[in-house]
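Take a look at the following structure, please.
All chains are identified by letter, namely A, B, C and D, in their written order; residue positions are counted from 1 within each chain.
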Amino acid sequence: MHKNKRIITASEAILESTEQYLDKFKNFIVIGEGVNDPKGIFGTTLNLFKKFGNTRIIESPVSENGITGISIGLSMNHFKVLLVHQRVEFALLSLEQIFNNAAKSFYVSNGTHKVPIVIRMIIGRGWGQGPAHSQSLETIFSHIPGLKVLMPSSPYDAKGMLWSALEDPNPVLIIEHRWFHYVRGYVPKKNYKVNIDKPALLIKGNNITIVANSYNVTEVIFSSKILNKFGIYPEIIDLRVLRPLNIQLIIQSLRKTKNLLIVETGYKQYGIGTEIIAQISENKLVDKIKSISRIGLPDHPTPSSRSLAKKYYRSSKEIIYEVVKQLNLNLELKKKIISYYKKKLPSTKVDVPNPEFKGPF
Amino acid sequence: MNNLEKRILMNLLKIRLVEKQISERYAEQLMRCPVHLSLGQEACAVGVCQSLNIADQVYSSHRCHSHYLAKSGNLKAMLCELHGKRSGCCGGRGGSMHLMDVSVGMMLSIPIVASIIPVAVGAALSFKLKKKKNIVVVFFGDAALEEGVYHEAANFASIHNLPIIFVCENNKYSCFTNIENRQPNDDFTRFAKCHKIKSHKMSGNKVMEIFYKTKDIISSIKKNPSPFFLQLDTYRNVEHCGPNNDDYLNYRNNNEISYWLQNDPINLYTEFLKKKKKLSDKTLDKIILKLNKEIDEAFLFAKNDKFPKIDTLDKFIYAQK
Amino acid sequence: MHKNKRIITASEAILESTEQYLDKFKNFIVIGEGVNDPKGIFGTTLNLFKKFGNTRIIESPVSENGITGISIGLSMNHFKVLLVHQRVEFALLSLEQIFNNAAKSFYVSNGTHKVPIVIRMIIGRGWGQGPAHSQSLETIFSHIPGLKVLMPSSPYDAKGMLWSALEDPNPVLIIEHRWFHYVRGYVPKKNYKVNIDKPALLIKGNNITIVANSYNVTEVIFSSKILNKFGIYPEIIDLRVLRPLNIQLIIQSLRKTKNLLIVETGYKQYGIGTEIIAQISENKLVDKIKSISRIGLPDHPTPSSRSLAKKYYRSSKEIIYEVVKQLNLNLELKKKIISYYKKKLPSTKVDVPNPEFKGPF
Amino acid sequence: MNNLEKRILMNLLKIRLVEKQISERYAEQLMRCPVHLSLGQEACAVGVCQSLNIADQVYSSHRCHSHYLAKSGNLKAMLCELHGKRSGCCGGRGGSMHLMDVSVGMMLSIPIVASIIPVAVGAALSFKLKKKKNIVVVFFGDAALEEGVYHEAANFASIHNLPIIFVCENNKYSCFTNIENRQPNDDFTRFAKCHKIKSHKMSGNKVMEIFYKTKDIISSIKKNPSPFFLQLDTYRNVEHCGPNNDDYLNYRNNNEISYWLQNDPINLYTEFLKKKKKLSDKTLDKIILKLNKEIDEAFLFAKNDKFPKIDTLDKFIYAQK
């Protein structure tokens, strides 16, 4: 499709978008722990301080709550701030600032104070980093009015959604899966916006609608290719925007496929999928739905050991099994698919997305 | 009285009289939101804010009435806010703990203890980055220093030499709890020193002394940007939250109470002026009369103002570009 | 039913349970901002320090994150700790401790460290306390495995559930609605446990299943009585336990009524109701459901002004209207019910649960 | 060498050799979790823990290997944990940043910076309430002092006179960021003084001095319970996270590096013993040989140990009474 076009990773796309916005807008500040260190947040802020100086790329003390409040104060005063956390968990220390001062100030001040802050937070996974560095807490942020919550899945979106977030006058949270940083794809050099108010239809299909986000989209596409061989064509929707949530596209798709599978990066229970299902069920938006199902993390912390992590995380395997189950395929076909899948199984281990991944953490 | 002295007097009295009227009228149940009155603490706000320009910014907490008024916040908009009316400074959405009047640099008040402090430091950073010569003042109580975020913000202000004055109004209590039960002592300059921030501790009830000290601090900051920590020891005359006196609950001892009542900031200042023959009882009465008239009018305005339109309820959830 | 039996308020019930547990277990500590002040957390800890001393009833500095970590350390060392926050919002400062150290230690330590802490958090409402003192954030806590999340609705449960929580070896969060403290009901003097693992059937019915929790149960019962006059008998389920969530009772009820209404204290979007609906839809647990609906807070902060708060909060009015709509009643009956409701409308204002409520805050 | 000197030597060497082997074997990719090695910082752990009883408790952070071993944590259980195996001290669930061995009072390590500090203070409170004579030691890095929760915990320890030693291992860096870019200076006793906590700052590489100082502190705490803050200046010899040297990235300057390498804690101590004729090269070699044998065995054990049973994945989510 994009032959001869520039292919880069999502982390390079993020870096590029940030750099271009720094070029464009003088009052744009990047701040965070590690933003101007030699690894530059997995490369996403690499060397920016050399070009823009350390008053625009501000290295922060290890003070997440303070720095969030500081970023909010800065952005109330006509700055645009990009705050970066190497792990979602570090942002847990700053939820009071995010929920109260970032999310509510525009409303409470009757439209006076805008808080145009963008907060990037990275979900850890792999290499046994364990329970406190691997949580995927998007539901918690998505519950709070006043925030916008994005989870890009492609390098193209990574760049364009970041740009749109930076142009947005509201507090926008971007949650990036650690493994998504490695995803490669076509990215135009010039800056551009993409919408940040709805999901995207990735692949047309007919038997079942699969909704996923972030890194899981990669797993779903992989699974889908296998299913295609057997005449099963899932329609794949990249959720992209968790708040504001717009389920129109899902509804449309479901009217056709009648089967819905939601694949979450976070805990299944009280997760993102629930609101989608609730809206569909509540408003009877689709007639004669045949099946609805969710795949998400089980109800306990992430174990470090790779032997346990293997069963903890959900991947193409669970997706394929679930589709087979939802579509009620006959036993023979089922067996065929599964044996074919086992042959195609990605050879990388469960705790690494590709052979290069051994940190940084 | 020279102009300055007069302005200070007017400011002090205005806050006192507004708070008194809120206290007296509260039982009518037209102001249906929690109120944390500044009675007894007026000199802190007035002494500090007197030297500020309009472009200097003030940030405050739940006990923000005095800061709002001392920074020349619109009185009607304040009382409308307390009444939940549409001309309120937040359109009735915030209530008494969210006072702000951006047009005069009264930027924001926030009721979560200490939550405002880093926000104010962020504002100071914006001044520095824009190379503005203005300063930020953030007011908070003694309990705010128990929140870790104060330290995170102070450290940042220190390493970046930000133009901000941290003003701690030490009234010795967090709700009903004396400082003795919360911290090793009440010399809070230790929390400035530990971040290599200059500091000063003084009475919060002597308005002229606060004024002169603040003036010095400000001119030094304007020459050489860096944070300053100012501790003002003061006392609240009524209950933590609400219009009444609650000393029947016996959480504050009588000696303490009477010491501070004797050192009431308004009395101290009027006595000082009188002693210097700069103020007569008659002039004072006249001023009070005039101020009360303005305040009465503002209350009337607030009473008669309409409630916010019900269909505005879901406005301003998200900003449009 | 409980004639001549002792009727007390929920806040008295909480106080009594706490005192009895203090009597029972020497290593039980109560801690929080205001626990030994003259108002004693809306009366729920009133004067306990006089009997038990201030080494067992510990007044805390205003340091929510610190004190939560301290309570966790204490409870890992064979103490039982009851930590109290006058508002849910203050606990936002301590989510890192709650989510990581309280929720995960038992799992991560492979069963070695127990964290038997109980955290009471109060949802504010009324008297214009505004956006930062009125949030109902139960979803956020319910999303996290390792925690238990309770919301009692009656004084009987208030006492018994607190006791059960105190006997439980896990971190248990009890979220109390400010107005629930005023609810009166029968409470035995002697200590007792009630289950904290499932909802309760409050009132049998047949036309519709209404699930509510905390203060909303009061609103639902009030609404139900009105509906009864017109032959509509909602089955009322008190959700009580948000985590671990057990929807058996709801399923059973729904098999009979075929109509489900969930009434939430918090934001509707990504709220508690979603998981219930998702489980039902996903597993096709009920045949021929006719309608599903949720009532919850709209998608913005709480305004202070009572004129706005009136439309913001949901009460018997919205419940009755929703039931009428869900059951598709004929126009005449609809009109009758609504005009009857308007006559019966509670005379108190929207911002106060009863005439005495003017603080403390 | 007397017994004490020998114990200290054995401990120092054991940590050094374990960390070295981890570093060397890491590329085999059998230890699939992030590792924050204690190389260069061994004397802090050994000096402090040497005076502790088994009932005294230690709490630590992401860089916990040395504390775990100095408090006599089981070596096999540690290596199994790093290998993700079932005999790991957390059954393989935690990895390198969650080391604990409750049987010897190594209570808990937590990778979120500073998050362990209030937990340790809570433990100290439990000792006080139970009138136990034991003490708690909490180890953390220089960056932990930038987290507000340190202050919240320290204030609480101060007002309640809790038996706890806050040990700050100052290696001057938070990942790649020098203390200069994060705080006004690196004399952290200012963060003890501000909470009225006694404190001392000293080299973290001189094990005997640390030992004697800690002994004094402990006996004073046991007589008169109150917190103490001990700053130990030290240096990490390898990268922040991982097995390698990363000085090619040039974030640390060469003078600094060579100064600290010259003051390597193991060398300092062995040289001291040799100078006093208490240790010969031969004995040293013998000890190293013996320790390496133990360590090799432990690695072998870990390699051969089984992974956790897959059906234990959902065990221990909730405790049963």
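Here is the rule we go by: a contact is a pair of C-beta atoms (placed from the backbone, for glycine too) under 8 Å apart; a residue touches a chain by one contact, two chains touch by 3 or more.
Owing to the predicted nature of the structure, the values given are computational and were not obtained by experimental measurement.
Enquirer: Compared with chain C, which chain's mean CA position is the farthest off?
Expert: Chain D.
Enquirer: Taking the mean of the C-alpha atoms as each chain's centre, how many Å separate chain B from chain D?
Expert: The separation of the two C-alpha centroids amounts to 46 Å.
Enquirer: Centroid of chain B to centroid of chain C, CA atoms only: how many Å?
Expert: Those two chain centres are 36 Å apart.
Enquirer: How many angstrom between the C-alpha centroids of chain B and chain A?
Expert: 43
Enquirer: Give me the residues of chain A that touch two or more other chains.
Expert: 61, 63, 65-66, 89, 93, 96, 100, 107-108, 130-132, 145-146, 299-301
Enquirer: Of all residues in chain D, which are in touch with two or more distinct other chains?
Expert: In chain D, residues 90-91, 93-94, 98, 110, 112, 146-149, 151-152, 155, 159, 181-183, 317 touch at least two other chains, as defined above.
Enquirer: Please classify the inter-chain touch graph. Allowed labels: line, ring, star, complete, other.
Expert: Shape of the chain contacts: complete, all pairs touching.
Enquirer: Can you check the complex and tell me which residues of chain C touch chain A?
Expert: 65, 89, 92-93, 95-96, 99-100, 103-104, 107-108, 130-132, 135, 137, 139-140, 142-146, 243, 245, 267, 269-275, 277-278, 280-282, 284, 289, 291-294, 299-301
Enquirer: Considering only the defined contacts, which chain B positions touch chain A in the complex?
Expert: Counting only chain B, the residues touching chain A are 59, 90-91, 93-94, 98, 100, 102, 107-108, 110, 112, 115, 117-127, 129-130, 148-149, 151-153, 155-156, 159, 315-321.
Enquirer: Quick check on the complex: what are the chain C residues that touch chain D?
Expert: 27, 29, 55, 60-61, 63, 65-79, 96-97, 100-101, 105-114, 116, 145-146, 148, 167-170, 244
Enquirer: For chain B, which residues count as touching chain C in their complex?
Expert: By the definition above, chain B touches chain C via 29, 32-34, 81, 84-85, 88, 90-95, 97-98, 110-114, 143-144, 146-149, 174-177, 181-183, 241-242, 249-251, 307-308, 310, 312-314, 317.
Enquirer: Quick check on the complex: what are the chain A residues that touch chain D?
Expert: Residue positions touching the partner: 33-34, 37-39, 59, 61-66, 89-90, 93, 127-133, 298-301, 303-308, 310-312, 351, 358-361.
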